[in-house]
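Okay, got some structures for you below.
There are two complexes below, and they share subunit A, which is joined by subunit B in the first and by subunit C in the second.
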Partner chain A sequence: MEIETSKNPLLLSKVEEPAKTPSGWRIIWRELVRDKVALLSLIFLVLITAFVYGISLFLDQEEIVTVDLFAIHQPPSADFWLGTDYGGRDIFGQLIIGTRNSLSIGILVTVMTGLIGIIFGMVSGYFGGAVDNIMMRIVDFFMILPFLMIVIVFVAIVPKYSILSFSLIMTAFLWMGKARLIRSKTLQERELDYVQASKTLGSSNFRILFTQVLPNLSSIIIVAMTLNLAANIGLESGLSFLGFGFPESTPSLGTLVSYARNPQTLQDRWWIWVPASLLILVLMLSINNVGQALKRATDARQRRG
Partner chain B sequence: MWKFTVRRIFVMIPQVILLSVIIFILAKMMPGDALSGLIDPNIDPATIEAKREALGLNNPWYVQYWDWIKNAVQGDLGQSFQFKMPVSEIIGQRLTNTFWLALLTLIITYLIAIPLGITSGRFNDTWGDRLITGYTYVGFGMPLFIFALVMLWIFGFKLGWFPSGGSVKPGLDPGSFEYIVSKFKHMLLPALSAALIATVGTVQYLRSEIIDIKQKDFIQTARAKGASESRVYNRHILRNSLLPIAAFFGYEITGLIGGSIFIENIFSYPGIGQLFLGSINIRDYTVVTSCVLLFGIAAILGSLLSDIILSIVDPRIRIK
Partner chain C sequence: MSKELLKIENLKTSFRIKDDYYAAVDDVSLTVNKNELLAIVGESGCGKSALAFSIMGLHSRATIEGNILFKGKNIANLPPNDMNKFRGKDMGMIFQDPLTALNPLMIIGDQIGETLLLHNKNLSVNGRKVKVIELLKKVGIPRPEYTYNQFPHQLSGGMRQRVVIAMAIANNPELLIADEPTTALDVTIQSQILDLIKVLKEDSHAGIILITHDLGVVAEMADRVAVMYAGQIVEIADVYTIFENPLHPYTRSLLNSVPNSDETNSRLHVIQGVVPSLQNLPREGCRFSDRIPWVDSSFHEKNPVLHEVSPGHFVRCTCYKHFYFPHESKEEKQNVIS
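Showing the complex of A and B:
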């Protein structure tokens, strides 16, 4: 096997590579392999994502959330692997769909806040001066709002409340951190020679920002977005727990945990809330592990690999 | 320092005004108005219209905003239709509960965080440090509401060491010794749950700060002069590493505000967070807006406090 691959001309180039600086992806990969916990976390995340999205193709959400009064609060059995809730709904099915929904909204909010943060932060940092001043005051203003309360109020008063409006509301009050981070990095970046050189050659600001500065910020953006994903899943499940996230007909991990606010359920019916709680915890820890490994990969001083 | 403080307070004024505008817009977006709860549906529309006129609800928005602000500054936040009493009175009762809970949480947070951070930083890479790092690692990924539920499950129900809800045992005479003890007992578990999660950031920060400072030249100098190990740690390292912690004090308050909504909900503790959730569920919007205004101002004051402390402990900030 070894001999065969080394003869392959395509792979030959790879052997020579150490002479060059390793590419970004290579560094990330080396860091992940060196950090076994992060690697395991990544494998777990890939598996669970594939599992919940795959299985939920065969599950019927309508069927799972239909109330069945003959099967209320059943303990785990062959029919219901994790028992049923107060409406006789299968917990296992809700857990799968809930994980899928929580992951989806987490990813959606992360991507949307990321986009706003990137554009806002880069424009503000690149142009500087009065533009920067005004834009940062806007950020400051959003930062002082009591996030949880404002989001809850919006969720309560928005007419025709849906998953899309929920993620838009969350996005509207979560993009500031990323805008600040990217602004400060853009400020450093625009002083570098390549930006000046590109300007001298007559590149438009748009071109410099999105084809030259942006790639240089990509590693920081990826790290920030990974860590944000964990936080957003936590926020979504927290809001669903309070009853201001997904509507009840759409299961989420937080909704399952919220059944534990009933003292009876908390004490005697562990199968309803313990699996969902554990899943939230493991998901957040795994995403954080991967995020920390990525963070080390972007900072040469901290690298292990 | 005074110059910085005064300037910082001036920055705060537009923040508060903007916050009040946002809350006012939110209040206007809410379905119904102050009248929907006051009158019964049998009254004919003309009377309602007359009352609306009398209450100024038909005025242009800037007049309404001005009236609202004027009354709010004077302590009149309107009428709650759920409780049939002035909002300021309801909030007053709940606010004391939230205040004591937040204070206890802060005290416990620092009581846990500072010794743990110091141990972890001073004896880094020993088993003790690994234990503490393990705790902060799990705590960092643990959502507050799940942790609080588990605490309630174990200590409130399974072991029965703490009461599982409320803020005081009913039937006790306010002001008596037993009343205070009962209040404390009801606060301890919620405060402990919130504190154990809130410590995480402080412990991690203190640890890395101490490890960082340990390697600085001035510590070498202190050692070379023959200062004892405890003197090096207490006088040289701790002094430097505790300053940023002191400065984060104000931001802790902001964090507590968000947390109190979860904590009060889970432990059925009658504070502002609980009042807020209860009022929004039954659409008692005068109470809702007052709670948001109150917590919003508390958050602004928290960041003001942090900036002022920071300017005292770190002179570089003042120049800016």
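Showing the complex of A and C:
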């Protein structure tokens, strides 16, 4: 058969569209429409993220965290929408900057742990044998390290804390779960015939890993990362609350809530800690709702749509 | 250049089970010539697929001993990178189950195109698409340009098997291994797929190894037949000899087990016992002896080897000389042989 590329009628004729089967996005969308709570959560998340990142462009962190002795413990007013803390610093500004910082850390840690987990887990699960054994022992080693204690030590020895360095420390101790999850799924995928078939076509192992196995893992990766995002934001807030996260000069949701450790603040000055606490609660719930909807969308038996 | 395409010498593929190695393929030697279809038959678990996987180098955790000479080059235990130069280009494989042999998340066109991309670097994107559509047409897919953009789950089993075949033949391989290509399909589709393989063979003059347990398929398709039992080849001959003059007790039992419409006898012949599992395989003596207990054990060889009874016809063990079916009388049988 001789076919000339330029004159081939097959390419020139308009190829009719194959019948639409629901694509991944469509299934997710259907699931969200059925689950109104998840849809609301998603809208809320998008709005709050856009709002926080948008507003914080116009806010100056330096100015907000500067102590103003004439405005200590002001209740909410027209000047200070959510009042001020014991340093006379605007709570509203801190809330915006703090939410931005917390979200940034959450996303950064989720993406970094995700990347390490995916690569580590896929290589370990796909090659198996001795490679798998060694890599999983490394995971075990990281698992037994006392995470909190090491973070406390790091806080003590690292002089200048930034979002990046804090994320790196958290990442170093949070990627193992992801690696294990991905490994176990890769072990399953590896045994399927399409992997063998791809080998018989002459594809190299890395090509098979990243062009064939990875797309087939994408659903669980998306679900795991979404649910992890909530956990990571919570973890950062928790550490900051305990005083092992950011200093007060870098507000986060956790530092705002930590003001409530002072009994007087807890009792009389609700405006300092209630908004941040509520925001943490709502953010966690929303992310988890969306995550659950995604999870159902990836499993045909649990779908509502 | 000889006609010999693939020559396997004393191949032994062993798997590790609980710190011990067990040979799933044991002392297999065979050759495949150009433009020849060699059928490998045997029960489930006798090592047919293990043999095919050994040739393609797909076993990740097995020890392979012996030589696999492909066009004179030994490809046994070749590192994957060197192997990838052959796989997909000079040798292709058709898998048993078309439902799992395709990546569920890739469109058909990309899956077939991948092997073209890997072995035919100077093909343009458009040229590749034309080639893929041409291939889809060749394997008899009715609307190739439409199927190009479909996902595997949108196709029927027969269509998927055609796609799998298109993947295997994309680069006109000289050796094609079909591992039970029709097992997962219904009978009408089976015959279509087999016809397709026949046509491909006539077109490309490739050597084909067809693994099956359907003797009807063998009679229809094969030039030569190798019968495998418990990891060994027990009889190998051209297709006429196998059906006209089968010698090994296992081959004869197999042929006797095929339902025959002419026969008035209502009961089918059944081979006694079961195939021993890999761990319980007898390592000495004739491996089939347990399943023909009525044949005196002294008739079996201690270490059965392949005997050439006539040119190109090999039989393992000497027990075939004394074998008879229980319902035949012993004397009658021995008269036939002598």
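Following the convention adopted for this analysis, the second predicted complex is superposed on the first by the 281 of 305 C-alpha atoms of A that agree within 3 Å, B and C clash if a C-alpha of one lies under 4 Å from a C-alpha of the other, contacts with A are read in each partner's own complex, and residues count from 1 in each chain.
As a working rule, contacts are C-beta pairs under 8 Å (C-beta built on N, C-alpha and C of every residue); 3 or more make two chains touch, one makes a residue touch a chain.
This structure is a prediction, so every number in the text was calculated from the model and none was measured.
> Looking at the overlay, what does A:129 touch: subunit B (first), subunit C (second), both, or neither?
In the superposed model, A:129 contacts subunit C only, not subunit B.
> Looking at the overlay, does A:216 come into contact with subunit B only (first), subunit C only (second), both, or neither?
second
> Is A:197 touching anything from subunit B or subunit C once the two structures are fitted on A? First, second, both or neither.
A:197 contacts subunit C only, not subunit B.
> Which partner chains sit in contact with A:150 here, subunit B, subunit C, both or neither? Use first/second/both/neither.
Only subunit B; A:150 stays clear of subunit C.
> With the two complexes superposed on chain A, say which partner A:46 touches: subunit B (first), subunit C (second), both, or neither.
neither
> Help me check something: in the complex, which residues belonging to subunit A touch subunit B?
My answer: residues 140-141, 144-150, 152-154, 156-157, 230, 234, 237-238, 241-243, 257, 260-261, 263, 266-267, 273, 277, 280-281, 284-285, 288.
> Okay, in this complex, where on subunit B does subunit A touch?
15, 18-19, 22, 26, 29-31, 137-138, 140-146, 149-150, 152-153, 157-158, 164, 257-258, 261-262, 265-266, 276-277, 280-281, 283, 288, 291-292, 295-296, 299-300, 303
> Using the touch definition from the top, list the residues of subunit C that touch subunit A in their complex.
53, 56, 58, 60-61, 80-81, 84-89, 91-93, 95-97, 100-106, 114-115, 118-119, 124, 126-127, 129-130, 133-134, 138, 144-146, 148-151, 153-154, 164, 167-168, 170
> Quick one: which bits of subunit A touch subunit C in the complex? Just the residue numbers, please.
It is residues 1, 3, 5, 8, 10-11, 13, 15-19, 21, 128-129, 192-194, 196-205, 207, 211-212, 215-216, 218 of subunit A that touch subunit C.
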